[in-house]
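Each of the two complexes below includes chain A, the first together with chain B, the second together with chain C.
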Partner chain A sequence: MTLLDDYAEEFLSVASHLPGYERNWLNEHRQASLQIFLENGIPTPQLESWKYTNLHVLGQRALPLASTECLHVDRKSLKPFLPEGLGERTLVFVNGWFRCDLSDDMDGAEETVTSLASALHEGQLDSHVLLGSPAPEPERALHSLNSAFMTDGAVIRFAKGKQSEGPYHLVFVTAPGADAAATHPRNIVIAERDSVAEIVETHVGLDEGAYWSNSYTSIFLESGSHVRHHRFQGDSLLAHHIGTTLVEIGTGAKYEGFTVSIGGKLARHEISAHLTGTDAGCDLTGIYLGYCSQHIDNTVQIHHLAPHGRSRQVYRGVLDGEARGVFQGKVVVAPDAQGVDAHQLNQNLILSSSAEIDTKPELEINANDVKCTHGATVGALDEEALFYMQSRGISRGTATDMLIDGFINELCRESLSPVLSEWLGSMFASWMMKRHEQ
Partner chain B sequence: MATDTDTLAATQRLVDSEYGYGFVTEVEEDRAPKGLNEGVVRYISAKKEEPQWLLDWRLRAFRAWEERYLPAGDPTWAKLRYPPINYQDAFYYAAPKSQADRPRSLDEVDPELLKTYDKLGIPLHEREVLAGVAVDAVFDSVSVATTYKAALAEKGIIFCAMSEAVREHSDLVKKYLGTVVPYSDNSFATLNSAVFSDGTFVYVPPGVRCPMELSTYFRINAENTGQFERTLVIADKGSYVSYLEGCTAPMRDENQLHAAVVELVALDDAEIKYSTVQNWYPGNKHGEGGIYNFVTKRGACRGRNSKISWTQVETGSAITWKYPSCILQGDNSVGEFYSVAVTNNYQQADTGTKMIHIGANTRSTIISKSISAGHAQNTYRGLVRIQPRAHSARNFTQCDGLLLGDRCGAHTVPYIEVKNSGARVEHEASTSRISDDQLFYCMQRGLGAEDGVNLIVNGFCKVVFQSLPMEFAVEAQKLLEVSLEGSIG
Partner chain C sequence: MLEIKGLHVSVQGSVILNGLDLTVPEGEVHAIMGPNGSGKSTLSYTMAGREGYVATDGQILYRGVNLLKMSPEDRAREGMFMAFQYPVEIPGVSVLYFLKAALNAHRKHRGEKEVDAIEFLKLARSNADTLGMDHEMLNRQVNMGFSGGEKKRCEILQMAILQPQLLVLDETDSGLDIDALKVVAKGVNNLRSENRTILLITHYQRLLSHVVPDKVHVLSGGRIVASGGKDLALTLERKGYAEFSTEAA
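Take a look at the complex of A and B:
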């Protein structure tokens, strides 16, 4: 039997356990999505947007949904991933399913917060408008797989004109013993008109399991809203992580995305932002750190569909050992989207002679009254800076760490609250320790 | 802007002005039958009295094309749109009839041919005396006049038609042909390898600095004849050569295929400078007709301290598909790419370069300026690859786009692949239009809108023009003005 037959069979065996099974439209949506996945299969490097990321491991055999039985996860084991001072708005998902017992109580919240499973089950999402129609492109076959198998996630609606009091923290945990299994979490965030919202999305593994996490988050910004979205990916070093964030930004709305990738044997985070209204803004910041034989891919697509949009991308990567970093950034300006101002910058530090970086900053401009720039740099640490510090009595190792720290923490300080900045700082510090142990 | 109404009329007049170099010279021709098959490849080889090894090489290429590329169709990764090419609906060989007894001096050259050069503005005599440029004029496929041969021969420099080189310097051709662009490299290069008609061969012996700029003017003539040039330039140890290539073509309605291959080899301490001004028929203002220009250009810096520099000014052709590249094999070798690509009306250009750093301390510079107007699409596509052994490699890339209309597109697709921690790679790009402020400033000082735009565009391209040889820089600047006529919006 082939891989795709296996997936078809797996779907048949789990379909009746998936949330919303009793709703016909949803079953049709899942079936249609599965069909698209089966037609295209796992993306291969022959596809331009997968040129540098080879998923042949995922193509070897179909991975079943991760089990939900006998999971030993408690709040204590999650402590490293729950920064103190972030407020009591944490939703925890284990192996792709919401865990009420590990999450904070949301009853008093001004926002409408539910788990995707119960939203589908109770018919709160009564059509596939918010799920999107299945995408036929072969590049997006894994989105279709997520749509077919999606289990749970958060559905948050920020009410019109309201300012959220603190960030919602969505924690996706893969429990020990999930080897060769997959999770397909799905989140939907709606920021209604003139609302101000903040979300933290964390993906982690509790042991060094060889699981696959295939997550999908869609965020809709209605006119005048402002969403800050921080995404931290620290999955197991044997795991595959494919994450997709789809953002739709309306008139005068602003999306700020901050993404950190330090985990995964193979990790890819793809952001696709559509600026559909005039004066929309999109600010993306990314940090990726890789060592050993990690492969970390950041793919960004910004579509300026309306006039006077503004977008910024700053991605910085540090690669050590035999790690490979990939950055693919694309800015598309539609015809008639005049007055667009788009900037893109990708900077990479290579620390070892076996590390590799492939970067492809792309511009596709179809309107003339625009200001678009992009830049990319790749290099080692500045020898002169190292020498300067060494001549003042700092060891070469410490000097290296200080320079790396300056390179990445600069972005955190600029875009994050002190609580998050400190939390990520400690993550980076432990990454640095692990790097030295190698 | 208030100036819009003033310039509209002038703009329209210029938009309506047609390509000035459209004419077909009536010269009797010798043609291979229409279509492409093994027989045609054998016919071409037999016509040119080629040795067996070259015929075998052509046949290998033809089979690769037939088996691998023909079923797969043309590559689709480029941002180009055109109907599929019917390769069976073209002639693959056309040569002026008088080939058997070739003229020894200009007096013997077919007067019709000389008139053609006059129209193109290449008076050979004048050029010989005044400019000191040796011209190997390729009329369609066979070289018919070569000048300054004696002066070059004195230094041991070989500068001749490819077909002549195959006869007279077979060992050199055999040693280098296809070593930079293999016969099965890509579909267009493979096609060229099978059916190449003629081209230019240059060999500069060790330690010789070529005393003049070598130049080939060639033009496409004869309706429905695809032109398949093959150029091979070899700079032996410690030598230097500068080569100019420029062309215009007669006007016609049907799309014409042009698939040339250029190979450059630079050995230790050698330098090759290769400059191109391309002004083939771009099609009319509705996007009908025009040349399909699918060119494979690649240079190998084989030796230590060698250098290859590509400069191109691309204003013509309906479709340009061209990536002059450098393979930096030798330690300390240098690759450069300077490009101005102008597209107007419905022209499409997908052009750029590849810099493959293999040796240590290799350096490369890429400066690309693209200008789009009308409904044109202009794409920069480039690759910078630093291989693991390329310690301390450096690359600097700058590609800027200028948009002169609200219906055109400018795209940048750079690929950067770094596998060495000691490498330093920088890439920067920007896309914008001429600001109203800039234009206002020019007009306030008495320049017309056209002249203002020309001034700004010339400034935009200056860094590339500076790297062109003098004669070409003037020509290129003029060409740019003509190409952008009527594009102010």
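Take a look at the complex of A and C:
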């Protein structure tokens, strides 16, 4: 039996347990998505956007859907992932399923908040509009797999003209049993006209398990809305993480994305943003830290489809050991999208001679009145700066940490609230410790 | 006491210091003057322990201990401080954080506990005041975008906070306006004391009229070719280095 047969069989065996099974259109949606996945299979490096990231491990055998039974997760074990002072709007998902008992009570919230499973079950998402129609491109085969198997996630609608009082924190915890398994979480966020919204999306593993997390988040910004989306990926160092963020930005709306990738044996976060209305803004900041033999891929696609859009990508990476980083930043400007202003910058700090980065800008500009810049740097720690610090009594190790910290925290201070900045600071600090232990 | 004996230093294979001898007793301030490229900064880098400055022969003894055998950070913790001719920019690290890390490294070395955050802020601010530095400066990234004069003041600020015992100031007076020169001179004079040893590297007499040296040495061709009292600086200013250069050759 081939891998694809296995996936087809797995689907047959779990389909009746997937949320919304009683709805025909949804079943058709799932099956059509599965069909597309089966036609394309796991993406291979022959595909341009997968050139630097090889998923052959995922192609070796089909991973069953992670079990819902996971009793040893309690709120206490989640503590490191729940920043203090963030407010009481945390939704916890374990192995891809909503856990009411671990989540805050959302009854009094201004926003409409439900779990995807109950939204599908109750028929609240009764069309393809929010789920998107199955995408035929082979590059997106894993989105199709997610659409076939999607279990749960958050569905949040920020009401027109309202300003959200604090961030929603969506925490995806994978705590697999003895066997490797996959999770396919799906989130849908709608920011209605002129609303102001903030979400934190966290992906972590409780054990050092060899799971696969294939997550998908769609965010729709109606005109004049403002969404701040912070995404932290700190999965197990044995795990595969493939995350996709799909963003649609309407007239005068602004999306600010902040993405941090620390975990995963192989991790990819892909942002695909479509600026569909005039004067839309998309501001992306990324930080990735890799050591040992981690492979961390950040792929960005920005589609300027309307005039006067602004986009900015600033990604910084630190790679140690035999880690490999990938940054692919693509900007497409449509023929009538005049007056677009697009900037891209990828900066890398390489700490060891065996660490590597592949950085690839790609500009496809079809309008004439456009300002686009891109730049990439790859460098080692500045020896002069290290010596300067040592000459003041600071040990070389501490000086190294201070320079790395300065490199990444500069971005946090610019874009994050003190609470989040401090929380990430502690994550970075523990990364630094682990790096030294290697 | 600082005793440099027969110091030979090569940089990238070329010999820059070439049998340098120098003794500075505790409590004294000595000035080193010399033409461009004569090896003054090479001496200060070698004293601070910069990689690539290879001492092929000789010793630098401070209080009887050979500095050449110590790491740069240990030299600093043992009381050595070199004010850089070209202070280095440190992106992403604030002056305050940098100073605190340095001070705590010194304290740890002495077996003291870390400095209290509030106390430290007071200390940094009052020293900034003395040096006429805006408090805002303390929150900026070390030397990033600082003017030449601001960088030099920042060196003195570090010195004032770390309270070193052995000081080497490499052209700290260069590029300063008249007021800044006085501030820097005051900073050095404040540290002048019986148990400190200070080496001033300079091209100009004007610093030495504010910080009057006990002795002046001429460094030329990689060694000390003449030594004298403070008047030697005046002579040099009038006549230049020509006669010493021939002597060296």
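Just so we're on the same page, the second predicted complex is superposed on the first by the 434 of 438 C-alpha atoms of A that agree within 3 Å, B and C clash if a C-alpha of one lies under 4 Å from a C-alpha of the other, contacts with A are read in each partner's own complex, and residues count from 1 in each chain.
Following the convention adopted for this analysis, a contact is a pair of C-beta atoms (placed from the backbone, for glycine too) under 8 Å apart; a residue touches a chain by one contact, two chains touch by 3 or more.
As the structure is a prediction and not an experimental result, all values here were calculated from the model.
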| item | value |
| --- | --- |
| Partner chain(s) touched by A:Leu82 [first = chain B, second = chain C, both, neither] | neither |
| Which superposed partner A:Ala159 touches (first chain B, second chain C, both, neither) | neither |
| Partner chain in contact with A:Gln338 - chain B first, chain C second, else both or neither | first |
| Partner chain(s) touched by A:Val14 [first = chain B, second = chain C, both, neither] | neither |
| First (chain B), second (chain C), both or neither touched by A:Val378 | first |
| If touched residues of chain A are counted for chain B and for chain C, the larger one | B |
| Touched partner set for A:Arg396, first chain B, second chain C, both or neither | second |
| Which superposed partner A:Tyr388 touches (first chain B, second chain C, both, neither) | second |
| Contacts of A:Asp358 with chain B and chain C, given as first, second, both or neither | first |
| Partner chain(s) touched by A:Asp405 [first = chain B, second = chain C, both, neither] | second |
| Chain A to chain C touching residues, read off their complex | 382-385, 387-396, 398, 402-403, 405-410 |
| Interfacial residue positions of chain B with respect to chain A in the complex | 77, 386, 388, 401, 403-433, 489 |
| Interface residues, chain A side, partner chain B - complex | 48, 335-336, 338, 348, 350-380 |
| Of chain C, residues touching chain A in the complex | 48-51, 71-73, 75-77, 81-82, 84, 87-93, 97-98, 101-102, 105-106, 109, 141, 158, 162 |
